[in-house]
Structure formats: C-alpha cells, structure tokens
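Alright, structures below, take your time with them.
Here subunit A shows up in two complexes: once beside subunit B, once beside subunit C.
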Partner chain A sequence: MAGKGGATPATYSPSPTTDKQKPALFKEDWVRPDGRGFHQCRPAFFRTGAVNAASGSAYAEFGNTKVIVSVFGPRESKKAMMYSDIGRLNCNVSFTTFATPVRGQGSDHNEYSAMLHKALEGGIILESFPKTTVDVFALVLESSGSDLPVVISCASLALADAGIMMYDLVASVSVSSFSKNLVIDPVLEEENCQDGSLMITCMPSRYEITQLTVTGEWSSPKINEGMQLCLDACAKLAKIMRSCLKEAASDSKE
Partner chain B sequence: MRGIQLPLSQTQKVRLQKALEKLESISSKVNSAASVIIADSIPVNHEDGVLKGHGTIDLNGEVVATICGVVERVNKLVYVRALRSRYKPEVGDIVIGRVVEVAQKRWRLDINFNQDAVLMLSSMNMPDGVQRRRTALDELNMRCIFEENDVVCAEVRGFQHDGLHLQARSRKYGKLNRGQLLKVPPYLVKRQKQHFHHLEEFGIDLILGCNGFIWVGEHIEAKDDMVEDQVSQSDPQVLLPNKNCLSLEEQEKNYTILETRKYICRAANAVRVLSMLGFNITLEIIKGIIDLSISMNLDIHEMLGSDFCVLVAEKEVERRSSNKKKR
Partner chain C sequence: MEEGKEAVMVTPGEVLGRSSDVKAGRGAYTALHNNTVYASLTGFRRTIPPPPDSPDQRPTVEVTGHKAHGPVPQPGSVVIARVTKVMARSASADIMCVGAKSAREKFTGIIRQQDVRATEIDKVDMHLSFHPGDIVKALVLSLGDARAYFLSTAKNELGVVSAESIAGETMVPVSWTEMQCPLTGQIEQRKVAKASS
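Entry: the complex of A and B
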C-alpha cells in the first residue's frame, strides 16, 4: 500500500499504522485498543423496524460497527429462475463510502454476501415459501471490525421482524487468535494483525451450528477453547436479540 | 423504532401517550403472555394431543414457535398469528393490484402476496359487456383493457395449480383511474360485508382492498352489466392502446373537477393518518376524520401534521369507549 505512494504522489490518505503496532501486541501487558478484557464483547445494541419500506428490518450497533439490514419479500421469484419447491434466499452485503477510515468506493462485498447466505440458509424454513424469493440487503454504515458476525446477527433479527419462519434466531460471534491469546469480538486494528480467526454462527436454543469459518493457524486445544468462547457469547447475544424482539412485540400491540 | 414517527411537542406527546394507553385498556382481551418470538416453546397440554398449526414446529416433543406473533388456540389446534407479515389471500377477498405483466391470456398482478396473482382474460367481463368466447383477437387487444402498471380491482377466485387466480366478473371490478392508490399494512383492513364505498357527499369512491391497497378516486357510475349486442360488432380489428394520444374531447370527459380532487386528497390523507397511528381502516372512521378536518377548517396538508394525528387518536378513544358502552 505504502510502496505505491513513493512513485506517484497519490491523493492523501492516512498512513496505515497497523504495521508499527504489531510488535506491541506480543508484549505481556498488552491492552486492547478499547480497553476491554480479552473475553469481553463490545456492548451490543439492536433495534427492529429501521426501514419503513421493507417488510422487515433491523439496525445493529456493536461499538463502532454499525449495520442496517432490510428484508424484502417473500416475493415471486424472477421468471428466469427455475421452479423450486423451496424458497430462495438472496443476500447482498454492501459498504457505504464512509464505512472505513479510508474513504472507499462503497461497493458490494461478494464474499460477505455468500457467507451471509450460507449462515442464514440453515436457520430459515425455506419450505414455507415455495417459488418465492426473500431478499436480504445489508448495509455496513461503519466498519470497525467483526463486520460479518454483526451483519449475520442483525439479518436474522430483520428476518424475524419480517415474519419469516425460522427454526431459531441466528447469532454470530468471531474470535481472533494472537500467538497464545484469544480475543473475542475483535476490532479493526486487531483484525488487521491477527494470526487467525474463528467465526461461529449458531442457533443457541437448538444448540446447532449453521456456519463455522476458520482462517489462519490454530491448534486443536485452542480451537476448542475458541469455539466454547464463541458459543457462550452467541447464547448471550441471542438473549439480547430476543429481548429486543420482545420489546418490539409489546410495543406494536394495542 | 417502528412506533409513531412524528415531530411531537411535549404536550402532544403526553396526550398521545394517554390516548394510546386508554385504547389499550379498552381492548382488554389482549394478554401479553400469549405473545411469542422465534424459538419460544409454547406451553401445551400434551395429554389432549395437539394439532400444530401455522408458525409452529416440533422440537424434541415440544411445540416451538417459528415466527414472532401471538399464540392462538382453537380447540386442539395451536397456531401463531404473525405480528407483521404479507397479505394472505382468502377466497372472495376484494383486492387491488397493479399489473406487472401482460402474458398469454392473462395478466399478472402484484397484490402484496408472496406470489403474483393471475387474472385470466376469460375470468373477466369484456368491456363491451358481451358474454362470448375469447378469441385470438381479444388476446391481441388485451393491452387495451389493462396495461402494465395499471391499477386493477378484482376478487380472489382461489388457488389453482399455477398460482392464485383472480376474477373480475362485474362492472364494479376493473381498471381504476382518476384517483390515488394507498398502501397500508394489510392487517389494518378487516374483512367486511362492503368493501366498495361511495361517499356521495364528496362524490368519491373508496375501495378498501383486503390486501392493504386502498383506492380513493372519483366516483364512477356503474353502468348496466349487460349491454345488448349492438351494431358495433361489425368489423373486428386490432385496437391499439391509445393512452398518450387522447383527443381533446376525451380529455374533457376525463377531467376531474377541483372540488372532487380536494376530497380525494382529504380522504387519502385520512387513510394515511390512520395507518400512521396503526388504527383499523373502516369507512365509518375515515368519514369521521374527513368531517373532523372539514369542521376544523384544516387544509389538506395540515391533516398529516402531528396536532391532527393526536386529535384523531383522542377521537378514536372516544368512539371506542362509546361503542363499548352501547354494548
């Protein structure tokens, strides 16, 4: 990134500081950028009904990571698609131009879209709406680490808000590994210099996992520890999500 | 936050809060214990044997909800009524839809359901009112009847193998023009004996579609259904849809006088206020709101202001409590 800048003076962008920070992380008395404990998640905030035009929507805020998800449908599949007995799920994750510290293009994120699809697919009872499509549009307003887990949790809340049949709410949490430490719910700085990451998407009240993503170097005992950590956090996260839905349910009734 | 989104002053907020609380106390039958969210287990008495209905699933012998909503029980049947969901058609419902596509012998209509509805050429009365077989020529002339994006009123006929079918076998159904289409959440429109209303004092028509689409338009005199076979049958020809090249004469015929237009807007705003507050939409209430706004000498645009909304909420409390006393 920085190498390019030498040849042609490009437009100004804040110099990436992550490289310099890296050695600091190996110290014994390292503290996380936002002062959390290693096994402590950021405070989570959920709200349903953020978008009026959608059939269901939700807004989620984990520290500085802010995400809005809207769900449309179920509506009739496009004609070009083949007949199918089960419903289709169509996911799209995009970033705003101002989502990252360096002003970007605000483009679609195909990898995240595919991962979101895989994560939600298992939680939805697709048999309940044959021949139709459900569209899930996620927009990352501000990206500050652990974007995908936040998007997934928020999307499951939006689906519930849209009245779509689901086996259970889907909650997702990620863990970063640093040599011998495990850090839950990493922020952007930590994600940039992690040795490996583990993301679990699960349905806590059924104790089923819909997606598990592992990258980087992991030893078996460490992966066990990481998974346990994630599952515990997912269960707690689901509790917050449920209380948000409960609140919305009691509000909308007269 | 899906609540009511209005810029309210402090006193207005208090008044609205009070009104809503009163409404809650009037409708006492709602018990919040029955509301569930996804993956909540629904307590049932297994000895009697239960029938699991919509929105429930069996998990290790427990009945578990799969949607957010309210638990309803009918004898052995346990089901969950969703809080918010798309429109579920029932046979005989009067719906309003928008033409999505003109296809072989049929129109596809968006009626706010999971799937598009089908209106067959053969299941609607021809504009000339003659009962006969539909010929290939009629098929070619389909665009003269409805085009894409036209607003159409029809009745739900039932589910056939290829989807939801509609019919429009009377003069009151058909294309709607010279008016406004409003979209409200479908649960606000309850099934009633009458969905077509003619508000004589204002000269407007009001159609409450069960699918949450509401039509407010100029009153159109329903002509006699059966017109005798007349001379016009002489030379069948392909007609061209001539929407954009109306003659002056026709334009004059289609002209809606200002007074009527104002009433249309007033009625439309009444519906908007109701959907904003989340009240059921019926003729009686809409009429009440229009009268209220006229008696207060409000401009049409002022009807959407927060002050008027609060007032409507308070009126609704009065109405419901007086209804209750009568009973």
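Entry: the complex of A and C
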C-alpha cells in the first residue's frame, strides 16, 4: 500500500481544526461561556420588515447568532413543475462567508434547507395558495450556535409578516446533552463538544410538534426532560414572537 | 347588535373562540380535533353578526388583514392582463392586476378561442381579436393547468381595454369589434371591452 514517492498518504487524518477534545471546563460544575444557567435561553431579538423588496421578512438575533429571512410569494411556480392543487414551499438556507470564525468553513450545512422545509410545511395552510410557490430564503449572517432553530423561528415570523396563512407560529429550540447535564440553546463552543442534541420545532398554541431531530445517545428519561425543556422554551419564544408581530403591525398603522 | 368595535390585534395561532360559538371567516380557520377557531393571519379581529334568516345563528369572526399577501388570481376574479402571444387557437397574456390591486409578480394566463366571445365561438379569428401588447380585461375561469390560468373575455365589459395601432398611437374604440387610430384613421379589428359609463 506504499504510495509512490511524494504522492498523497494512504491514510486520512482529520485536520486539526476539527479537534473534538473536550476542554476540562465541561465537567461537573462548569459555568457556561456566557454565564447563563443550564436551562436559560439567550435573550431573543426579532424585527420584521427588514427587507423592502420581499413580500415579508424578519431579522433575528439570539446572542451572537444573527439571521435574516426573506419570503417571496405566493408567486408563479416554474413552468416545468407539475400542476398542484395545493401551494408549494421552497426553502433555501445559506451562510455568508463571514458567518463563522474561520472564513468559509460553515457552509457545509446543505441539509438545513431540507430541514427548514420540513419544519415549516406543517405550519402553513398550503391549500390557501394553490398552484403557486412561496420562496423562503434564509441567510445566516453570524453563526454562533443553535443556527437552525433560530432560522426556523425567524422564517416563521417572516411568513407571518408576508401575510401567508398559517395554522400557528412555529418556534424552535435545541438542547445539548453533556453526559449528565442538559444545556438549552447551546453556543458554538458547547455545540462542538456535545454528546448529543435534541431539536424541537413546535406550534405552541396548538401544542403540536412539526419536527423533532435527535442526534447522539439519549435515554428515555433524558429525552422526556429535554422535550419538556424545549416545549417550555418554545412557548416563551412564541410570546416574544407574537409581541414583535403586534408591535410591528401597530407601528405601521400610525 | 354591536359589530366588534374592539381593535384587538391577533397573530396566527391565537384562539378566536370555540366553533360552537363562532364561525371561521376570512383569516381564520377551524381546528376539527378540538373544535376551536384560530386566527391564521396577523390583523384585527372583527365579528360579523349572522344574517337574521339563516339557520346557523353563529356570528362570523374574521381577521381583517393588517397585511395580506400579494393578490393571487382566483376563479371568478376580474384581472387586467397584457397579451404576449397570439396563436391560431389561443392567446397568452401576463396577468398584471387582480381586481383593483397590482400583482407583485406576473402570472401567466391563456385565453382560448372558445372563451373570446359568447356568440359564434367556433368562428373566432384570434388575430382579429387580440394583438401582442394589448391590455385586456378578463375573467379568471379556473386555475387552469400547470402553465397558465384560463381567462375569458366572453362578456360585453371584457376584452381589449387599450391597444396601440400600427402607427404607434393609442386607439379609440369604435364598436365592439373595431378600434380606430386617431393619427391615421385606420381601423383595426379587436374584441373591444364596453367602456363602463
């Protein structure tokens, strides 16, 4: 198996930047990098109507994670598409090159677009816009942990801002597990060293879950605890989202 | 009976009432699994009292769009479209306005030979009814196929509203089949809409 002199090595070893050594911090009684409690979420900031060209848009900031979502539609589907008597949803999530600490290295999350689609389609009344398409474009300006949950919540606000009929607002929160502890709304450093993650997207007013994603090893009691944490956090998040919508609506009325 | 004068703002997913008490109007929907009426848009909640002679005496609750999405052609709505292509048996048109609102992006519509007018529909010559560039007022018949909405101009008040002559001037309607260029006096054939007086 010896390669020819100077050729690429026969074995592969990961590059040093993906070093997953847990720092000694993440042991028994460690403090989170930003001083939050284990079950405390970052303060959320939402603003709708950020993009004038779009039918609806929203901007969200959770700590350092910054996301902007634009919604276009309902507009004509591409001619190549087959006729459909319910509406279509088309999602795209992209990262700016400056989103991650290392330039360009955060852009390998191609599955986020499909996950955003699955999270949102349960909440939209597709029958209200037959034959047409609603396009959702999410751009992550700064990625600092918990990106997909923030993108989902922000996209739901943008859809409400665009006037698309929905069953309910969609809120999303994720929880990381570290051997014995559960930590809600992880930041980037916590996500890199986690043992497992649980992300829940739910419609709080109807108490229904549209998407549940679990990675890693979880025992039943842990999953129950994680789910309960997430659902409580989603309910609080939905309150903030609703007040943001109402504020924006009454601002534009004046 | 007081019409809801509460300027209560609601957001999607907020409970508007039980389905035994109220009916869901525009901007609201009924969830069958727990018989509750929820809002589906952001806007002001309004209650409309039921008509006195209907069997169902529940008031209708609706959410009047603080913001509604851009207009989408619905069957039965009158649209303004610009003709893009005229072929032997149909004409393609880009729908630009739905009702009184202009669409943010155009939708494609098609006017078939049998939908141009109400009489002698098999003897219609498309080139004597429309020219590319004409502005027509049409009625949406149906959602159509994947490519286009089906439009109809088979009414007196539907048809070409504004057209340019070969000389380049906006023409004046003369009858329901003819328009005249004010510059050259030439008469051109169109399916003209009856102007509303």
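In this section, the second predicted complex is superposed on the first by the 224 of 254 C-alpha atoms of A that agree within 3 Å, B and C clash if a C-alpha of one lies under 4 Å from a C-alpha of the other, contacts with A are read in each partner's own complex, and residues count from 1 in each chain.
As a working rule, a contact is a pair of C-beta atoms (placed from the backbone, for glycine too) under 8 Å apart; a residue touches a chain by one contact, two chains touch by 3 or more.
Fair warning: this is a prediction, and the values are worked out from it, not measured in the lab.
Trainee: Based on the superposition on subunit A, does the combination of subunit B and subunit C result in a clash or a fit?
Mentor: clash
Trainee: Classify the contacts of A:L212 with the two partner chains as first (subunit B alone), second (subunit C alone), both, or neither.
Mentor: In the superposed model, A:L212 contacts neither subunit B nor subunit C.
Trainee: Would you sort A:I223 into first (subunit B), second (subunit C), both or neither based on which partner it touches?
Mentor: neither
Trainee: Touch test for A:A160: subunit B only (first), subunit C only (second), both, or neither?
Mentor: Once the two structures are laid over each other on A, A:A160 reaches both partners.
Trainee: Looking at the overlay, what does A:M82 touch: subunit B (first), subunit C (second), both, or neither?
Mentor: A:M82 sits against subunit C, while subunit B stays out of touch.
Trainee: State whether A:I240 touches subunit B only (first), subunit C only (second), both chains, or neither.
Mentor: A:I240 contacts neither subunit B nor subunit C.
Trainee: After lining up the shared chain so the two structures overlap, which partner does A:R47 touch, if you call subunit B first and subunit C second: first, second, both or neither?
Mentor: A:R47 sits against subunit B, while subunit C stays out of touch.
Trainee: Looking only at the overlay on chain A, choose which of 22-30, 58-66, 238-246 or 310-318 in subunit B hits subunit C.
Mentor: Among 22-30, 58-66, 238-246 or 310-318, the clash with subunit C belongs to 58-66.
Trainee: Residues on subunit A in contact with subunit B in one complex and with subunit C in the other?
Mentor: The overlap between the subunit B and subunit C interfaces on subunit A comprises residues 55-56, 73-76, 125, 128-129, 131-132, 160-169, 203, 205-206, 242, 245-246, 249-250, 252-253.
Trainee: Can you list the subunit A residues touching subunit B in their complex?
Mentor: Against subunit B, subunit A makes touches at 47-50, 55-56, 73-76, 125, 128-129, 131-132, 160-169, 203, 205-206, 242, 245-246, 248-254.
Trainee: Considering only the defined contacts, which subunit A positions touch subunit C in the complex?
Mentor: Going through subunit A, the ones touching subunit C are 55-56, 72-77, 79, 81-85, 125, 128-132, 160-169, 203-206, 238, 241-242, 245-246, 249-250, 252-253.
Trainee: Within the complex, which stretch of subunit C touches subunit A?
Mentor: 9, 11-15, 27, 29, 31, 38, 40-43, 65-70, 72, 104-108, 143, 145-147
Trainee: Would you mind writing out the residues of subunit B in touch with subunit A in their complex?
Mentor: 1-3, 20, 23-24, 27, 30, 32, 35, 37-39, 55, 57, 59, 66-70, 82-86, 114-116, 278
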